[in-house]
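Shown next, in structure tokens, is the structure this report addresses.
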Amino acid sequence: MAHTIKEKSKILARVNRIKGQLEAFAKSIESEQDEYQVMQLLASCRGALNGLMAEVVEGHIREHIVEAENKKLAAEAGEELIDIMKSFIK
Amino acid sequence: MAHTIKEKSKILARVNRIKGQLEAFAKSIESEQDEYQVMQLLASCRGALNGLMAEVVEGHIREHIVEAENKKLAAEAGEELIDIMKSFIK
Amino acid sequence: MAHTIKEKSKILARVNRIKGQLEAFAKSIESEQDEYQVMQLLASCRGALNGLMAEVVEGHIREHIVEAENKKLAAEAGEELIDIMKSFIK
Amino acid sequence: MAHTIKEKSKILARVNRIKGQLEAFAKSIESEQDEYQVMQLLASCRGALNGLMAEVVEGHIREHIVEAENKKLAAEAGEELIDIMKSFIK
């Protein structure tokens, strides 16, 4: 996929942030922190991952469906999106 | 939106089924049924509504983005989808 | 399940509101309204149903787990909640 | 929170697996892999994180609400769960 360098670094920065959040969660489990904080840390990871998913899907819609070079490629990218979307509208 | 008559009746049949499921849930509350059944009835409504949402979004992708008459209309329909999608990737 | 009369009418009022929203959605499909409005109406139904689900689960936690008469009943209600919860953490 | 050593290592193993999946996703972005694979890798991360969330919440229900030492602690843990749960029934 042809992401611009700027888009790539934005996505990779988000991935690193989520990895950091997962490590904070892991530490909270190891150090037997308060259960509520443990669950909040995990809920934050989940929120951040959902935000990343939304961004990636957004880019897919704009660049691979709307801006597809031809209708055949748009249709393919559309079917890919439908497939992915079914995994999160549940 | 230009749904075919067949698509329309399929969607309306789904809506009626969900309304029936909501009525079964309401009855289970009124007749003080077992709490587990009450929650299962509501979880079924939710599953059915999510299925309907997925179908409507699927139609939107195929007919309003991929098959749009021109790039401007495709871009508009793409932005609409992005907006709706954000309400369920959370 | 032993809901108070006040709780029951609150839940039933929510169910009626959701049925009304589903009817508005059905009308928007029949009258070929703008696709974006159609999707927004359905997203509203979904939000309302999720709100109802959250309320019912909240009542279950407070009344059937925390306030259970004995540990055996609390454990049963806890397992029921785990089962339902798995259907929406996906 | 008082997790057993076995539970802890199970959770930490899951966290490591998710970190590995995030790294695979990051690599797919860097190496400009096929967009569909990119989205599938991210959807897998999301599924794995949701599975971990379900497991942590499950443990919270069993150990901190059902098996709470007294009703006050059960009520506190119940309110914590309600708060967390609202973040994912949306």
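We just call them A, B, C and D in the order they show up, numbering each chain from 1.
We take it that a contact is a pair of C-beta atoms (placed from the backbone, for glycine too) under 8 Å apart; a residue touches a chain by one contact, two chains touch by 3 or more.
Source: prediction; values computed, not measured.
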| item | value |
| --- | --- |
| Co-neighbours of chain D and chain B - touch as defined | A, C |
| A-D or A-B, whichever has more C-beta pairs in contact | A-D |
| Chain A and chain C: spacing of chain centres that average the CA atoms, whole Å | 27 |
| Chain A and chain D: spacing of chain centres that average the CA atoms, whole Å | 15 |
| Averaged-CA centre spacing for the pair chain B and chain A, given as whole angstrom | 23 |
| Set of chain C residues in contact with two or more other chains | 47, 50, 53, 57, 81, 88, 90 |
| Residues on chain A engaged by chain D in the complex (per definition of touch) | 1-3, 8, 11-12, 15, 18-19, 22-23, 25-26, 29-30, 32-36, 38-40, 42-43, 45-47, 49-50, 52-53, 56-57, 60, 64, 77, 80-81, 83-84, 87-88 |
| Chain B to chain A touching residues, read off their complex | 47, 50, 53-54, 57-58, 61-62, 65-67, 71, 74-75, 78, 81-82, 85-86, 88-90 |
